[in-house]
Amino acid sequence: MEITLPLFGTASTTSDSTGLSVTGLVTSLNAATPWQLELPASGVFGLTGPSGSGKSTLLAALAGQRHCRGHITFANTVWQRGRRALATHKRTLSLGFQDSRLFAGQSVADNLALARRYSRRPLPEEECGRLLEAFGIEPLLYQPVELLSGGEAQRVAVLRQLFNNAPLQLFDEPLSAVDRAQVLRRLLPTLRDFWARYPALVIWTSHDFDEIQLLAQRCLWMDSANLSAPLPLPEVAQRLDSHGVGDSCRSRIEARVESLNDGLLTLDLGGISIFADRVAGHYRKGDTAAFLLEAGDISLSVEKPGLSSILNCLQVTLVAKQNLTDGRIRLRLAAADQVFYADISRLSCERLELREGTTYFAQFKAGSLAGL
Amino acid sequence: DNCTLRVAVAASFRPALEEVLPEFERRHACVVQISSGSSGVLYQQIAHRAPFDLFLSADRERPELLEKQGGALGSSRQTYALGLLALWHPKSESNIEQLLQTWPDKIVLADPKVAPFGSAARQALQSLDLWKKKQTQLARAHNAGQAYLMLDSGNAQLGFVAASQMQAAGRDNYWLLPQHLYKPIEQQLLIPTQSRRPKEAQSLADYLRSGEVQAQLQHLGYGVLPTQDRSRDGGSGL
Amino acid sequence: MNIAAADWQALWLTLKLAGLTTLLLFIIGVPLAWKLSQWQSRWRHGIEVLITLPLVLPPTVLGFYLLLLFSPNYAPGQWLSQLFDGPLVFSFTGLVFASVIYSLPFMVQPLLAAFNANGQRLTQAAAALGIPPWAALLKVLLPASRAAIVSACALTFAHTLGEFGVVLMIGGAIPGETQVVSIALYQHVEAMEYGAAHRLALMLMGITTVLLLAARWLGHRLAPRGSNNEQAKPVVGVLG
Amino acid sequence: MEITLPLFGTASTTSDSTGLSVTGLVTSLNAATPWQLELPASGVFGLTGPSGSGKSTLLAALAGQRHCRGHITFANTVWQRGRRALATHKRTLSLGFQDSRLFAGQSVADNLALARRYSRRPLPEEECGRLLEAFGIEPLLYQPVELLSGGEAQRVAVLRQLFNNAPLQLFDEPLSAVDRAQVLRRLLPTLRDFWARYPALVIWTSHDFDEIQLLAQRCLWMDSANLSAPLPLPEVAQRLDSHGVGDSCRSRIEARVESLNDGLLTLDLGGISIFADRVAGHYRKGDTAAFLLEAGDISLSVEKPGLSSILNCLQVTLVAKQNLTDGRIRLRLAAADQVFYADISRLSCERLELREGTTYFAQFKAGSLAGL
Amino acid sequence: MNIAAADWQALWLTLKLAGLTTLLLFIIGVPLAWKLSQWQSRWRHGIEVLITLPLVLPPTVLGFYLLLLFSPNYAPGQWLSQLFDGPLVFSFTGLVFASVIYSLPFMVQPLLAAFNANGQRLTQAAAALGIPPWAALLKVLLPASRAAIVSACALTFAHTLGEFGVVLMIGGAIPGETQVVSIALYQHVEAMEYGAAHRLALMLMGITTVLLLAARWLGHRLAPRGSNNEQAKPVVGVLG
C-alpha cells in the first residue's frame, strides 16, 4: 500500500476520506504512542488536556512544523507519508500559535490584510468588517502590534486566522488572555455563527472547558502524549474531573424548543416541560437545542417536591452510583433516553437511601441549563 | 651584543637588496631586517620617528625633504642607484613611439603623483607628446610593483615598469626607454636621526655604493651612477 | 571648502559605487542570508565561515586574486568578459563586481543574525497562514528586520566607501571611471598635500554621516507609527 | 509638601504607611484619570478587568518600567515622585510579565537560580524544593527554556518569582495557559500556603475570577483605564457580571468549623449548621473558614422544604431584588450578618410571590460551597 | 607546505594581534553596545554612526591619522607614549591600539543589533527580579545573545587578520614586532614570489576557517543542551 500511494499534494484516489486522517503519527514526544485521528471535513473539535501533555506538539506536527513521521491526509491530499512531509504553506490549513506570533514591525491592519491576501477562500469584505467589529479590533487597526495588550494581541491573532479562512483551522489556546466576559458574550457566539456560515474543520485547543463546550460537539483529549479519539463532551468533562477540577462534570441535554417567552425558554424533554432562562442566541420553535447541566446543580428527592424556586423537576431512574474522590457520590441518571449526572453528598445519599434502579425526582433550576 | 640593522627600503629595490645583502652580513657579522613599502609611506613613518637605521628611497625628493626637515643624520643623503624605466610590450616589431601612438588599449603606469617610476613615465609620455592624447587610456597602479602585476596577470599588454623588475623576473619583452625622455630616477638613501646604529648603517651605504655592488646592480636592471655622486664616497656625518 | 574638481568627481564616483554595491548586495544578500538561516544542515556553518573569508584576506591580496580572476589569459576571465560585455579590469563594472565580493560579509552577517533571531518564528507563522516562503520573506521577515537591514546597508555602504586596496589593484585610478575618493585621498597624503587630504577626509566623513543618519531616520519613519515611543524611560536623577 | 519629600530610596519619615501608596499616577493611557491606590504591607489582592483596560500598564508603572508621573511609596520608601523614578531593580518588588519572559539561552534551573541569587529575602533550600515539587517543575529543571510548553513556561515564571520572594509581588495573568485542574488543585493551594508562611503584598492579575477568589480577599477593578479602590469580591463579581459573564456571581460566606467527618464539613453559620463537602485543605475545629457560594446554586422556598438531597437550608431575609439582563432576578439575601446573592428565574419569582423584607428558606447543596 | 620561518613568525604575530584585539574589543564593545542599546536619546543615532566611521576612511588614511596621533612630535602622541610606557608607533602595542579602533564597528554593530532585539525585554525581566543592570548584562543578556557574540567576535577576528592599510602605515613592517601576515603576503606578491604568496594566503584562510568553525562549535556547545534540536526540519522530497 505504501507503494501505490499517490504523489504528495495531488488528489489521492486511494484515500476515501475528505476529512482529516492521521495514522501512526510519531514525534519525539510520543515515540511509544503513535497518534491516530479521524475527523470529518468540517465541524469544531475541542482539544484539551494537562499542561505539557503534547497539544501544541500535535498541532505543530499536523501543520508540518515539527519533525515527525506517520501518515496525514486531509481532503484527499497526502500531507505526510513516512518521513516525507508537504511544506506547511502548501497544506490547506491555518495554525494559530500559543504566543500569537503577530507579524512584528507592522500594524494590526497589515497583519490582517496579509492573512486575507493569501487566503485560499477569501472572505467577502462585509464579513471582515463584521468580524472586526465583533472582536473589538476596529479602534486598534493602525496600532503597531508591539503595543497591543496581551488580550488584544490574541484577538488579532484569532481574527487573522479567520480572515485566512482555511479549510482546516488549528487554534492553540487562542483566547486565554481575554476576559471571560468578552469571550463568552461576544467572541464565542461570533465564532459559532462564523463557522456555521463558513464551514471548516476546526481544532480548538483550550484549558477553559466552557469555551470548548460552547463551540464543539466533541473534544480530543491529550494526556502524557496519549491522544484519544474525539470524545463526547461529558466524557471529557469526567476526565478533566478525575484530573482534579471538582466542579466540572456537565452533562449535555437535548430538548425540543416549545416556546420562548420573555427570556424564559420552555422545552420539551420526552413529554415533560422544562424551563431554561439565561439563554442567549436564537431558538426557533420545533428546533432541537442542546444545553449543559452541571452535575452539582441537580438535587434529588424521593417524593415529588413542593413549591420552590426550583422550576424543573424530572422523574429519573438512578442507573449507577459512583464514589468521587472528594467524598461525594456521582449518580448516573436516565430520563427521556438521555443520560446525565448528578453529584450529591454522601450524607444525602445515606439519608435518602438511594438505590440503583429506583425512580426519583431530579430538580434543577432554570438557570442551571446553560445554552450552547 | 649582536648587531641588527633595520632598513626601510622602497618596495621596488627590495629584490635587488636581498640579492646583495648576504655578502654584507657575512662581512660585517650584522643581521639586516628589511621593511619594505612605498617610498611615500616609508617617508611618513621616518618623519614620525620610525625606528629605522637606514632609509633606501626610490626617489630623490623624499630624502631631500626629510633632510630639510632635519630628519637625516648629517649629510648622509646619497644616491645609491639609478632606476631605469622600461616599457613592457607584447612581443612587437614596431618601435616604442609607434607602438605607444597606435596602441588602442589601456596603458599601465605607476601613479605619477606618488611613485617615482610613475612620474618618470609621465615625463616620457610628455616628451613624446602623448600625455594629453592618451589620458583616458592610462591605468594607474599604486606603484611600480602593482603596475607589473597588472601586466603580468595579462590584464594589460602595454605599460611602464622598472627595468629591475623585468630583469628579476627574467623577462625580455621590454624596451629600456631612452634616458633623454625622462629625468634620471635617482634613488637616494639617508640615515635617519633616530638611527641607533649609524656606523653600521653607513657601512651598508658604503657597501651599496661600492663598485662591486654597483656592477651587480647593472645586471639587475639599474643604471650607472653619475660620477659626481660617487665622489661623495665615504662622506659620513660622524 | 576648497575641493578640487577631480576630488568632487572622485566623491561622486565613490557614492555611485557604494550605492550600487549596496543595492546589489541587498538583492543578493537578503535571499542568501535567508536561505542560510533556514538551512539546518551542519554545512551551514561552513558556508557562513566562507562568507566571512573576504574579510580575512588583506584587500590588496584579494585585489591580486581578482586580478588573476579577471585576466583574459585564463578561462574565468574570458567568460566574465563575455558575460559583462567587456573586460572587468580597469572598469567601473569591475569595481562594482569586486566591491560586491569584498563587502559581502557586511551585508550578510547582520541579516543572518536578524533572520536567525526571529526568522524561524515568523516564517512559521507566515507558512501557517498559507503564505509561501518568498512572500513570507518579503512581506513578513523584511518588515520585521527593518533595523537589521538599515544596519547591514549602512555597514556595506561605509565599507565600500573606504574600500582601497582592492580598488587600487584592479581599478587603475582612471578619473571618472575608477578613481574613487579613497585613492584620491591616499594620493593627497602620499603627495604630501595634507590640506587637500584633510578637506577630502572631512568631506567624506561628513557626507557619510549625513547619509547614514538619513538612512536611520528613514528606517525609523517606515516603522509603524507609535513604536518605541512608550518604552521605559531612563531613570532621571535617582538618588540613593 | 513636594519640597519636604525625602530623597529617593531612603526611608521616608513623612509617609506613615508601610504598605503601597500610590497617588495621582498618570501614564499616557490614563491622562484624565490618575490612579490612586492604598494597600497594606501584606496580603493578596486580585486585579481584573476587561482586556486592554490597562492592567499591565498599571503593573509596569508600579515597577517603574513605563513612563509615568505621580507618587508611589512602598514600605516607607519613595519610588516615584513627579517624573523622577527609582530604577526598577532598586524597588523591592518583583514583576511577572504576561509573556513569561524567561531568560533565553539558559535552562530552567539557571533561571530559578538567578532569581534566588538576587533575592532580597532568599528562601530556605527546602522551601524551594517544596515549591519545585508542587509546581511539577522538577523533571524540567535541565531543559532549555525555549523548549517548554506554554503552561510549563508560565509555571517556571511564577516559580522564579516566588524564589525571588520580593516584599511586593506583581503577577500579570500568570497561570492563563495552565490547565484549570492543576491550577485549582495544586498551584493555588500551594500559593496560598506559601504566602501564609512568607507574607508579601501580592497583586494577582487574572481573567479567571475563581483564581482571584481563591487567593485574594479583595480585588482591584480596572475598566477603560479607571482603577477602583480594592473592592470586596462580591462587588467585583457583580461588575464582571454586568460585563456579561452571566454565571459568575459567587458570594463569599464565612462560617466557623464545627467538625470534619468523612469528607463532610459541618459549619456553624450564626447558630445554624450547614454542610460542605468537596473541600480540600486543612480545617481545624473552631477556625473561621471562607467559602464561595454561586448565586445560581441557591433556591428559595416559602415553606420549610421536605427531605431532598439538598442538605443546607437557611432562613434568610430578602433584602433586595434586581432584574438581570438575562431575564432572571438576583435576590440579595441576608442571614447571620452575611449577605449573599441568589439568582432565580422570573417565573419562580412570580410563582412564589417574593417580597422584600420577608423571610424565606434558602437551600443549597453541600457541594455548592467551594472551599478556598 | 613550504613556508618560510619569517612567514610563520608573521602568522603567529597576526594571530596574537587578532586574538588580543578581539578580546579587548569584546571587553570594550559589550558595555558600549549595551549602553547604546539602552540609551533612548536621539544622540544615540549620532554615536552609532560615529562608531561606523572607522569603516568609511580608507585604512591607509586612517593609518595616516593614527600616525599623526601617535607621533612623538605632537602632544597626544607624547601623552599616549607616557601612558603606554613607550611610543605607540611601530610597536605591537600601537598595532593593538589601532586595530581596536579600526575593528570597533565589527564588534559593536552585531552586539548592538542583538541587544536592540531582545535587550530591553530581558533587562526589564531581570530588573523586575531585582537583578541590577550589570548583573543583568552578564548573566541574562550575554547568555541570550550567544549567537551574536560568536558572530561579532568572528567578524572582528577576521577583520583584524586582514588588516593591511593601517598596519602598513603605523606598523613599519618590523619582523617579529609589527610585520603581520597581511604585509608579508603583500610583499610576496610585490616581490613576485607568487608561490609563497599563494601558500601563505591558503594558510591564512585555512587557519581562520578552523578557528571560526571552532568558535561556532563552541558557541553551540555552550548553549543549554537540546536547543535547536527539534525544530521543523526542512521538508524533504516534496512533490507537487
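Before moving on, here are some points about what is shown:
By written order: A, B, C, D and E. Residues from 1 in each chain.
FYI, contacts are C-beta pairs under 8 Å (C-beta built on N, C-alpha and C of every residue); 3 or more make two chains touch, one makes a residue touch a chain.
The UniProt protein names, listed by chain, are A, D = ATP-binding cassette domain-containing protein; C, E = Molybdenum transport system permease.
These numbers come from a predicted model, not from an experiment.
When the partners of subunit C are compared with those of subunit D, the chains appearing in both lists are A, E. Of all chains, the one whose Cα centroid sits at the greatest distance from that of subunit E is A. Averaging C-alpha coordinates per chain and comparing to subunit D, the farthest chain turns out to be B.
Centroids built from CA atoms put subunit D at 89 Å from subunit B.
Chain centres here are Cα averages; for subunit A and subunit D they lie 28 Å apart. Measuring from the averaged C-alpha position of subunit A to that of subunit E gives a distance of 56 Å.
Residues of subunit D in contact with two or more other chains: 65, 87-88. For subunit E, residues that reach two or more other chains under the stated contact definition are 60, 64, 118, 124, 189, 230-233.
Residue positions 41, 44, 146, 149 of subunit B are each in touch with at least two other chains. Against subunit B, in their complex, subunit C makes its touches with residues 64, 67-68, 70-74, 77, 87, 89-90, 168-170, 172-174, 179, 186-187, 189-192. Subunit C makes touch with subunit E in their complex at residues 38-40, 45-46, 48-50, 52-53, 55-61, 64-65, 105, 109-110, 112-114, 116-118, 120, 124, 147-148, 151, 154-155, 158-159, 161-165, 182-183, 185-186, 189, 197, 201, 204-205, 208-209, 212-213, 216-217, 231-234. By the touch criterion given at the top, residues 6, 8, 11, 14-15, 33-37, 41, 44-45, 48-52, 145-146, 148-149, 152, 165, 168-169 of subunit B touch subunit E in their complex. In the complex of the two chains, the subunit E residues touching subunit D come out as 118, 121-122, 124-133, 135-136, 139-140, 143-146, 223-227, 230.
For subunit A in complex with subunit D, the residues that touch the partner chain are 48-52, 55-57, 98-99, 148-152, 155, 172-173, 176-182, 184-186, 207-209, 240, 243-248, 262-264, 275, 277-280, 296-297, 299-303, 305-311, 326-328, 342-349, 351-352, 363, 365-368, 370.
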